[in-house]
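Each structure below is given as structure tokens.
Here chain A shows up in two complexes: once beside chain B, once beside chain C.
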Partner chain A sequence: MWEKIKNLDKRIIYLCVALSVIIPMLNPIGLPIVITEETRRAFQAVDNLPPGSRVLFSADYDPGSEAELFPMNIAILRHCFQKKLRVVMTGLWPQGPAEMNKAFGEIKKDYPTLTYGTDYVNVGYKAGGLVVVNSIGSDFTIAFPKDQAGTDIRELPILQDVKNYSSFGLVISLSAGSSGGVVWVAYGGTKYHVDVITGCTAVSATEFYPYYSSGQFKGLINGLAGAAEYEKMVGAPGKGIRGMDAQSMSHLVIIGFIILGNVIYLTEKYGKK
Partner chain B sequence: MKRNIPLLITFCTGIFFVIAFFAPALSDISDAGQRGYLVIAAFALLVAILNLLMVHSSNVYRQGKNWGLSVVLIFFFFFTSIVGFLDKADMDGTTNFSFVYNFIYNPLQATMFSLLAFYVSSASFRAFRIKTKEATLMMIAGFFVMLGRVPIGSAIWDQFPTVQSWIMNYFATGAMRAITIGVAIGAVSMSIKIIFGLERAYLGGGD
Partner chain C sequence: MEHGIFYNETAGVWIGALLTLAIFSFLYKDNIVYRLAEYIFIGVANGYLLTITYFNQVKPNLVDKLAEHNWWYLIPGILGLMMVARLNKDFAWLSRWPMAYIVGLGSGLAITASVQTDIMAQIYDTLKPIMGGDFITNLQNLILIAGVLTSLFYFFFSVEHKGIYKNVSFVGICFLMIMLGGSFGNTVMARISLLIGRMQFLMERWLHVIS
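Up next, the complex of A and B:
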């Protein structure tokens, strides 16, 4: 029997994983979400800003990481508009600004009074990574003289008096790798003293924890679980909370396979002795 | 001369930007340098595009391995570029470019990444064996972190999130901090060697 299980057809494993994701999506269990300190601090960093503050919101990811980062993109954007903050959107990844447009598209019906150029703007992508981040510290217009549609940023009320990081209350980076949150905190945060929070994929969270525990990141939203926590605090359940049941089940399935694999291994090892 | 001039440029630029980082008085010149870098970065994208097109055009011409896929790549490269150039970027998602991004590019890339879940689960069954003490510790840590990160973990035992947080904030952070500091020291060391001309591999030529 062990031999059969050991040589289990990988399609059966794939099927188990697929079912562990699909079934909870179709029939949500509604497991309670526990708020972690990292996410609470990120939420408070946004929540403590006075209305009218400008935030620089950078989507440093692409569709490959959308499952985890897009729900938090929507939740944070919603939180910013609830708090009447002015949002300057950008991205250090070429797909970032398009992700921002997509996230805004998801919530725009809830905020019909918002005006482009006054309440929010998308200044698009600029190649250069850390040099883009560093140059904003000297003069925002070095990196972004125009918005994504080619309009001079001085013609947009939201950016008419923008200088450098001193013009922003907070930098938010949703980061799937390099360039991303680490660059924002190393140059924007450490050199120019602007507060930075980040949201990251769970697999890359280890890279961000040293900067969070040292206080350089004012908050850290970790993976889909972090997105679900943020959605709960904003009071707008979305894809993050819906995805947590599926993630719970898929983690259980993977743990189950790891245990099963090791039971076979140990049985074979000690059975031979 | 062919080597000395690049070495001199590297030395002067390197020393200048190290000083400029700490000297606000040099910020104007430093800003000009950053503008220059942004232009070079934009040209680097152009070089990457030309390289991509040359590699795949050559593959199609030679009818090499998977040349049909190269045709698809070249076609969609121009298709997406033309649609992007013709459309003005918008926040409403109503343009043709938004359609291409949201309904073609986006699902394709998301699908590619999602396949990882299947490979990881299959690999975890076949390869994650507790053959050593270190592997056993890693599996225990993984067990607590995986369950501590999801609601079902706290439903099973309410201390799973606490243990997960402890592992991430102390063990994982400590190890990552050591790696980061090590990499940073290595980067500083390599930068010094490049600035002073001791490391010349970037010039090419092999010496």
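Up next, the complex of A and C:
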């Protein structure tokens, strides 16, 4: 029997993982979501800003990372508008500003009074990564002279008196890699002393934790689990929370297979002696 | 059909669903449907990037400026064209000039920021007290310091890793293994999240079996 399990067709493993994702989606279990310290701090960084503060919200990802970053994009955006913050949207990735528009499209019906140019604006994508982040420190209007629609930013009330990072209470980066959170920390946070929080894909999390630990990130939202935590704190369950049962079940299945593989390995190793 | 078929949401959902299934078909085995979806993705992504780069970068920063008779912008324009010279081996040497500018600018910006962000801030964060606080904090700080020092020692190759050095190096390897384990766990979580995202799309938007 061990031999059969050892030579198990990998497609059966794929099937088991697929079922562990599909079944909890059809029949939610409602496993508890525990708020981690890093997500709580990210939430507090937004929550502590006084109403009317300007935040620079950068979507540094594309649809390939939507599964993890889009739920947190919606949750953070909702939180910003709950707190009556003014949101300046951008992106260091070409599809980032479109992701911001999409996230806003998901929640706009809940905030019908929000006005473009007064409460929020999308200044679009700018190529250059670190050069863009660095140039905002000198003069925001040089980095972004026009918004996404081509309107001069001086004509928009939200940006009329904007200078540089001193005009923003917080920088938020949803980061799928480079350019992303680390660039905002290095060229915005460290150099110009603006507070930066980030939401990242779980793959990038180990790279980002040292910056959180050293206080360079004021908060860190880690993957889909972090998105679910943020949704819970905002009080608006979304795709993050809905995906957590599937996430937990699939992890159990994978852990089960890892343990099984190790048991077979150890049995073979010591059985022969 | 206000905007034509390309803005029809149902068509978009069906195309997305079929392409998703085409990509998933690779799990059974490599096949032509998977490859077709892969090529479509690469083509669309590059087409999108090219378009958005032109309209967000080249047009406002070069074409429009030249149209307003700002002739200084000819310099970056020419430098940009020199990069394209790489495509011809006889003129490839021309690309070294803009490349030198980019490397110089990038290095100048990156070195200062890296020293401040990746070295000074991280060293400062490692200098933590191991006495005077509560027991858990002291222990955490001690583990952090031991982890950093032993991991760094593992990469120190000027002395042979024998005797005490071997033991210190082994502790460093253990810390590195724990880090790699954490990294692997996060990678698994990320991949499963991608699967969940696609499944949510298929079941919610395409099949309507969940809301």
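Assume the second predicted complex is superposed on the first by the 273 of 273 C-alpha atoms of A that agree within 3 Å, B and C clash if a C-alpha of one lies under 4 Å from a C-alpha of the other, contacts with A are read in each partner's own complex, and residues count from 1 in each chain.
Rule of thumb we're sticking to: a contact is a pair of C-beta atoms (placed from the backbone, for glycine too) under 8 Å apart; a residue touches a chain by one contact, two chains touch by 3 or more.
Just so we're clear, the structure is a prediction, and the values are computed from it rather than from any experiment.
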Winner by number of chain A residues touched, once chain B and chain C are compared: B
Looking at the overlay, does A:Y125 come into contact with chain B only (first), chain C only (second), both, or neither? second
Per the contact definition in the header, classify A:V185: touching chain B only (first), chain C only (second), both, or neither. second
Figure out whether A:I107 sits in contact with chain B (first) or chain C (second), or with both, or with neither. neither
Report for A:T206: first if it touches chain B alone, second if chain C alone, otherwise both or neither. both
Partner chain(s) touched by A:I23 [first = chain B, second = chain C, both, neither]: neither
In the superposed arrangement, does A:G261 touch chain B (first), chain C (second), both or neither? first
Applying the touch criterion given at the start, work out whether A:A236 contacts chain B, chain C, both or neither, answering first, second, both or neither. neither
Intersection of chain A residues contacting chain B with those contacting chain C? 14, 17-18, 21, 64, 66-67, 95, 124, 126-127, 131, 134, 191, 202, 205-206, 210, 213, 222-223, 225, 247, 250-251, 254
Going by the contact rule set out above, which residues of chain A touch chain C in the complex? 11, 14, 17-18, 21-22, 25-26, 64, 66-68, 70, 94-95, 124-127, 130-131, 134, 145-146, 182, 185-187, 189-191, 201-203, 205-206, 210-211, 213-216, 222-225, 239, 242-243, 246-247, 250-251, 254
Listed in rising order, chain B residues that touch chain A in their complex are 21, 27, 30-31, 34-35, 37-38, 41-42, 44-45, 88-93, 98, 101-102, 105-107, 109-110, 112-114, 117-118, 120-122, 124-126, 128-131, 139, 142-143, 146-147, 149-155, 161, 165, 168-169, 172-173, 175-177, 180
State the interface residues of chain C toward chain A in the complex, per the touch definition above. 27-28, 48-49, 52-53, 56-57, 60, 105-106, 109-110, 113-114, 116-118, 121-122, 124-125, 179, 182-183, 186-190, 192-200, 203, 209-210
Counting only contacts in the complex, chain A reaches chain B at residues 8, 10, 13-14, 16-18, 21, 31-34, 36-37, 62-67, 95, 97-98, 101-102, 104-105, 108, 116, 120, 122, 124, 126-129, 131-132, 134-135, 138-139, 142-143, 148-150, 191, 202, 205-207, 209-210, 213, 222-223, 225, 244-245, 247-255, 257-258, 260-262, 265-266
